[in-house]
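Let me begin by presenting the structure, written as structure tokens, before commenting on it.
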Amino acid sequence: MSNPSPAAQPAEPILEVNNIEVIYDHVILVLKGVSLTVPRGGITALLGANGAGKTTTLKAISNLLHAERGEVTKGNIVFDGDQVQNQSPNDLVRSGCIQVMEGRHCFGHLSVEDNLLTGAFTRRDGQSAIRQDLEMVYEYFPRLKVRRNSQAGYTSGGEQQMTAIGRALMSRPKMILLDEPSMGLAPQLVEEIFEIVRKLNEEQGVSFLLAEQNTNVALRYAKYGYILESGRIVLDGEASALRENEDVKEFYLGVGGEGRRSFRNVKHYKRRKRWLS
Amino acid sequence: MNMRADPEAMKTREEEDILLDVRNVSLAFGGVKAITDISLNVKQGEIRAIIGPNGAGKTSMLNVINGFYTPQEGTIIFRGKERRSMKPHEAVGQGIARTFQNVALFKGMSTLDNIMAGRSVMMKRNLLWQMLWRGPALQEEIEHREKVEEIIDFLEIQHIRRTPVGKLPYGLQKRVELGRALAMEPSLLLLDEPMAGMNLEEKEDMSRFIIDVNQQRGTTIALIEHDMGVVMDLSDRVVVLDYGKKIADGTPDEVKNNQDVIDAYLGVPH
Amino acid sequence: QGDGIYVPNLSYRTGPFASTGTPLMNGQRDYITMLNERDGGLNGTKLVYDECETGYNTEKGVECYEKTKANAVVTQPWSTGITLQVLPKSNVDNIPILAPGYGFSAMADGKVFQWAYNPPSSYWDGAYMILQDISGGDLTTLNGKKIAFLHLDHPFGKEPLPLLEKLSAEHGFELVPIPVGLTEMQNQSAQWLQIRRERPDNVIMWGWGAMNAGAMTEAAKTKYPMDQFYGVWWSGHDGDLKLIGEQGKGYRSISWSVPNSESSLMQDIKKHVIDAGKSQINQGEGEFDSVFYQRGVMISLMLVEGIRAAQEEFDTQNPDAEQVRWGLENITLDEARLAELGAEGMLVPFSTSCADHTGHGGGWILEWDGSKFVKASDLLKADRDVIRPLEEEKAKEYAEANAPWPVNEECSM
Amino acid sequence: MFYRTAGQFKTSYEADHALFPVRQDAYLLGFILLLAFVVFPLTASEFAFRALLIPVLIYSLAALGLNILTGYAGQLSLGTGAFMGVGAYACYKLLTIFPEMNIVIAIAMSGFFSAAVGVLFGLPSLRIKGFYLAIATLAAQFFLVWLFQKWAWLYNYNASGAIQVPNIEMFGITVAGPRAEAITQYYFVLCFVCAMTFFAINITRGRIGRMWKAVRDMDIAAELVGINLMRAKLTAFFVSSYIVGVSGALFVFLWRGAAEANLFDIPLSFRVLFIAIIGGLGSILGNYLGAILIVALPVIIGSVPEAFGIPIGSATVEHLNVMLVGALIITFLIVEPHGLARFWAMIREKLILWPFPH
Amino acid sequence: MDTLKGIFVDPFADMIAAPDFLLQVLWEGLVGGVLYALIALGFVLIFKSSRIFNFAQGIMVVFAALTLVGLHEKGVPALLALPLTLGVMFMLAVAIERAVLRPLVNQPDIILFMATIGITLFLIGLGEIIFGGENKVMITEQLGIPTGSFTLEPFGGFVSIEQKDLTAVIGAILLVGVLLLFLNKSKIGRAIRALGDDHQAALSVGISLSTIWVIVWFIAGVIALATGIVWGARAGVSFALEVIAYKALPVLMLGGLESVMGAIIGGLAIGILEKLFEIYWGQPLLGGNTEMWFAYVLALIVLLFRPQGLFGERIIERV
């Protein structure tokens, strides 16, 4: 199945990924021509199984592949009108595109508050504005305020995830690339975080590209979705449309014809279906 | 205050005795109280879920159980033996195996080697035989290899037998980790968020493995998980922690409808 | 090395020993260049001088030895450590070792060490001569004195110990050996604190490379009286003393060579090599006038005399290693010959023989006057009767430890 | 084509545990052994033996020892040189105390001394990790070298403070000492190295090797999987120091012929570390590749200007050499941080696919 | 019995018998300690910001000092040579960042450590080609550093103190103060600390590794120059200086790899203790030269009790 850009994309895009290929270690071809678009002020979800290449796509966008011996060998990426390839990661952050990495990546030896403050590294608008945003982050995540002076390395998984998201917020981004924000978070918190995403999107017009396994939640909050499999986009469409797609329902949402399946009654046979292989 | 489990929700079991009994355990790190006076038990053969908000002390609880942390107070009775703590490798010897919240595989080793490493405690041949790779050493290696291959078949990871695990996608890594724990032939298996970061399909696979381990091998399982669907479907009993305290303990249905749990954890009733 | 006589040199112009090594190498090199330029070589045959960098590192030195030995007529290890390691091989490879003023003192025994030469004076000679100067000629007056022996903790620094120990037992002076490790050469504060505590009557230094400069500065700081401070000939480098200048006044070093920039030899070198831009000398710093540069010249001079003797004896333009070995034990550098070479008074007169591979020419005391070294004594000579038995004993031990070891019994005095 | 693995099926786990599951690897090894045992000895000059072949073998062995500790068990050691020294001095003392002892036995036994010292200095590794552990090994490094200098008994009270290898015979052939032939020494070393390599391969692929690697990759997890960290680390120190000790004895007895204490100082440790790292940590093959590079390269660089008749002073050559080695190390690390062994693995993988990639 | 007396009684008797000498020993130890601390500081900064165990710090000291002296020899006035040398150190920092650190970002610690040894070799070769191997005299006076010494006369004896040593001690204290402020109070300081934990995460929040690294390596270069001047003033400048890097390692371990405070306190402690040990125990009982290993053994013992050094960051162990 090919990947025609849907005609009905609203607004002008803030991010465009055009047919990129990524190779790790000079030999491992991971992305085999991925294209996607995120409209300004949109929330777009990037879905797909493990190893499909979601993280790789996000890292390609924020130019972090280099550090993992990965390379974009084909295609190009445009953020906010500028080619990403020509910019260093910190240029990108300064121009408003920041990534929250999968697996949190907090600065273990820094306190939670110092972690948040590093997010403001590229900002030039003065202490008081930064303080203000810090308070905002604490408002979003009250738990962080309690733990503000603890070393981040010793906080729980959820607290670290909050720290990582809060840290990204501190840079006042135009666009956040969120890699698996729900991983390891309590259900309540997952909802909370997505609510925050929605709020930021609506109130401050921040655009989001979410890589998620939790299709259910992701499609509830996103406006548009792409499904990635083995390095290729296999399906895309409005989130609402995807939610109704039978295949998506079956394989990503776990609702068959007769409603939600129970994990207890999983059948002992392979029922993998792939769009491509 | 162990609630008696609802007999209806209980499966038929030959034994109902308690395998692990945690009594009044408290654990603090400097000022942070990770666990405050918690008691809970795990019965032979059941799947016991531990849930709670982030930072509630679930992982710490597992760490206490397998001896990685030593609690300041309380005792732990495992198979009738009472203790405050023991060295982690002793815990393994006693039959406690676990997986980790953040995958803790041996990244540079292949899947096969990772799982074989799980059998280290059971292998005995000395350096000299190893050096020669003959006789007993080879024989031992092959014996264990057979056991490990069974696990590999069971987990359906034959195709990645030789791949260094560092290169595997996350979901498979979790599966290998389960394999490594199984290789220890534990009587109590502790799983720390085995399905985090997985998509539906993989969660279903993982659920299947967990149920099979539990049913076919009769392994008792303690499970931490944030996916309520999984928890509710799989577990026999659920204990809920919040900020280091126990706020509920009972069958999935009881817990699900407990107002404290909803407030502290679930957000909305599921 | 198709044509010419190949004389490799295991040099060091880098590393912590370069400061003292470089002027010596320059001297050696320039003498040979001068011969090639002025006379077209040695009796018409060019001398091919070649350096292999060792950094004074024994291991590297042995590598250099292996690398250069194929066509060499001689090997010049430039380190006592390297000398000791190639010594057993010289017998097998049949290459003479020339170690002027260094190496194993027992090499003087030519019966045992047929392939090794250390003219014109050995370390034991040197140590003895220093004690002579300290005691004013009579070693018995040393009784009850305390003498510190500050030395590099290396085969070089340890070399005089057997003799000093023997003499201290004989004459009743207290010997305090103070080793300086290779890594401590530049910071000898612990050693000099020890000297301050021990208050020795004299300090004798067996130093080399950066150790000398380090010792000079510390001595000045500790206010150790310079006129009680002695050094072996390798510790008398103008550059080291210049660091402390006036404060070093009175420091003495034993030496078997004396610089004389006005001599016709040195003038020839100036003309044919330096002014012709063929030298690596660092002219700005008065290196030309320095003790070490001119000693380098003397060393090549000794070597060339050996080769010349071989040429004459065997009537060949291109003597091989075996023949040069013979040449080296038939060097005669008396005053007349030195004068002939234009080096009058620049080197102690000596001659070698089959049994005596050192020549034991003796030495002079050089004293630092604040800006340069000046000759401050008549020719001193060690008491051979004291030293010879020790040499023979150690040589015998050596031969036994390295059996099978060929000994040339035919040599007589 | 050459590396076609298709059609090679294993029917038992035993076959799968053979030394070379892929047949071509066995051929390749056979070829290399042929080179080492037959071709080189027939063609090499004495200089080649002494400057290239023997040192390459000995350094590979030392690197192999270090690699077991650092590459397999993950314990950084900067003290290899000193442990080589322990082996060398032990062998020297053994042979002076028991002059009748066969040199093979003496060398094999000297490894135990350095193994014991290694375990002693390995004890801190139970508490200290990473670079902090390097301090323990450096303490060993500096302390031992100091001891080699100060403890005159070790060098039989030689005035020079150096140890000198006497002529030693075995079955009527001089194998060590100034009279030994280069070719004899080469074969002697080669046999030793082959045997040790064989043992090392076996140990690293079995239970103990797995334990080490587990400790290296994640020591906490290893502990929680039931591996006794203390046992694992100390066996690593033991085996590693044993091999290093043997290599030290060979180093002095079969190659250098004599040694001063500072021969075993930190530059030696670093050289061995370079070999292990450039070759590839956690690989056995890598040690050989690394040794070839680090030992042979300077020799080659050193002879290039000479060969072209470019007149460069020996000191300048040396400086250029040092610079080049430094630059090369950096370049290699950048090109392939996992070392030459990984490089080879990549080539091999391509060969397996060749000529039909993907 | 005699040995016991030698260990437990005699040294103290000696100390009491010659208190002026003891003072001199302490002063020498202190001055040595300051130098160790300075080198260790360079290490700490780089380690903090990149987890790189920078073995090249020792050679940077030599390189800086040689450049300074070399420029002066070429006729550049001392006070101009100083800023020029700083310029060279800056260029060196940029070059190292470009050629080594950037391509090796996110590699394991040991690889970076090896790379710094590569840098060390490279700089040794380069330096010797440019500056030659001889020992050079530090241009102490020309830089306006007071030379000469004065003598205190306590307890009827004397303690001689070099003015340049005194200057070094005071200079070092100032330098450390400034550094501490910089690290803890400035934004860059925080970024430096963040970088040490996780390169990728630092990149992802927009911290420019290149900039920070150039800054840090430059500061390390400045410290190297300071060290080079001080040390060179004592013993001349040559490549033999390089070995002082080994002296700084135990200081680091003792103080903790990430701690500026640790570098100072560790340096002073080691400087003084090793001198005391050498003079009162090492020389009489062990044949001297114990300074070769004393610091290491001391650090090792401390580490056994505190695996992260006295002031190092706690090692986070969690699963």
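For clarity, chains are labelled A, B, C, D and E in written order, and residue numbers in each chain start from 1.
In this text, a contact is a pair of C-beta atoms (placed from the backbone, for glycine too) under 8 Å apart; a residue touches a chain by one contact, two chains touch by 3 or more.
The model shown is predicted, which means the values in this text are computed figures rather than measured ones.
Asks: When D-E is set beside C-D, which has more C-beta pairs in contact?
Replies: More contacting C-beta pairs are found at D-E.
Asks: Going by average Cα coordinates, which chain is farthest removed from chain B?
Replies: Taking each chain's C-alpha mean as its centre, the farthest from chain B is C.
Asks: Most remote chain relative to chain A, going by C-alpha centroids?
Replies: Farthest by centroid: C.
Asks: Compute the distance, rounded to whole Å, between the mean C-alpha positions of chain B and chain C.
Replies: Each chain's C-alpha centroid was found; their separation is 76 Å.
Asks: Once you find the CA centre of chain A and the CA centre of chain E, what distance in Å lies between them?
Replies: Centre-to-centre distance between chain A and chain E: 45 Å.
Asks: So, what's the distance in Å between the C-alpha centres of chain D and chain A?
Replies: So the centre of chain A lies 47 Å away from the centre of chain D.
Asks: Report the inter-chain centroid distance for chain C and chain E in whole angstrom, where each centroid is the mean of the CA atoms.
Replies: So the centre of chain C lies 37 Å away from the centre of chain E.
Asks: Which chain A residues reach two or more other chains?
Replies: 154
Asks: Residues touching two or more other chains, restricted to chain E: which are they?
Replies: 128, 133, 246, 287, 289, 292, 319
Asks: Give the residues of chain C that touch two or more other chains, as numbers and ranges in rising order.
Replies: 12-14, 153, 179, 181 - these are the residues of chain C that touch more than one other chain.
Asks: Quick one: in the complex, what on chain E touches chain A?
Replies: Touching chain A from chain E are residues 105-106, 187, 190-191, 193-194, 196-208, 210-211, 258, 313-314, 316, 318.
Asks: In the complex, go through chain C and note every residue touching chain E.
Replies: 12-16, 18-19, 22, 153, 178-181, 183-187, 189-191, 193-194, 196-197, 209-210, 213-214, 217, 221-223, 239-240, 242-243, 282
Asks: Per the contact definition, I'd like the list of chain A residues that touch chain B in the complex.
Replies: 48-51, 103, 143, 150, 154-159, 161, 180, 183-192, 213, 215, 251-254, 260-264, 266, 268, 272
Asks: If you look only at chain E, which of its residues touch chain C in the complex?
Replies: Answer in residue numbers: 18, 21, 24-25, 28, 32, 128, 132-135, 137, 149, 160, 162, 234-236, 238-241, 243-244, 246, 275, 278-279, 282-283, 287-289, 291-292.
Asks: Help me check something: in the complex, which residues belonging to chain D touch chain C?
Replies: 47, 50-51, 146, 149, 159-162, 164, 166-167, 177-179, 256-258, 260, 262-263, 265, 302, 313-315, 317-319
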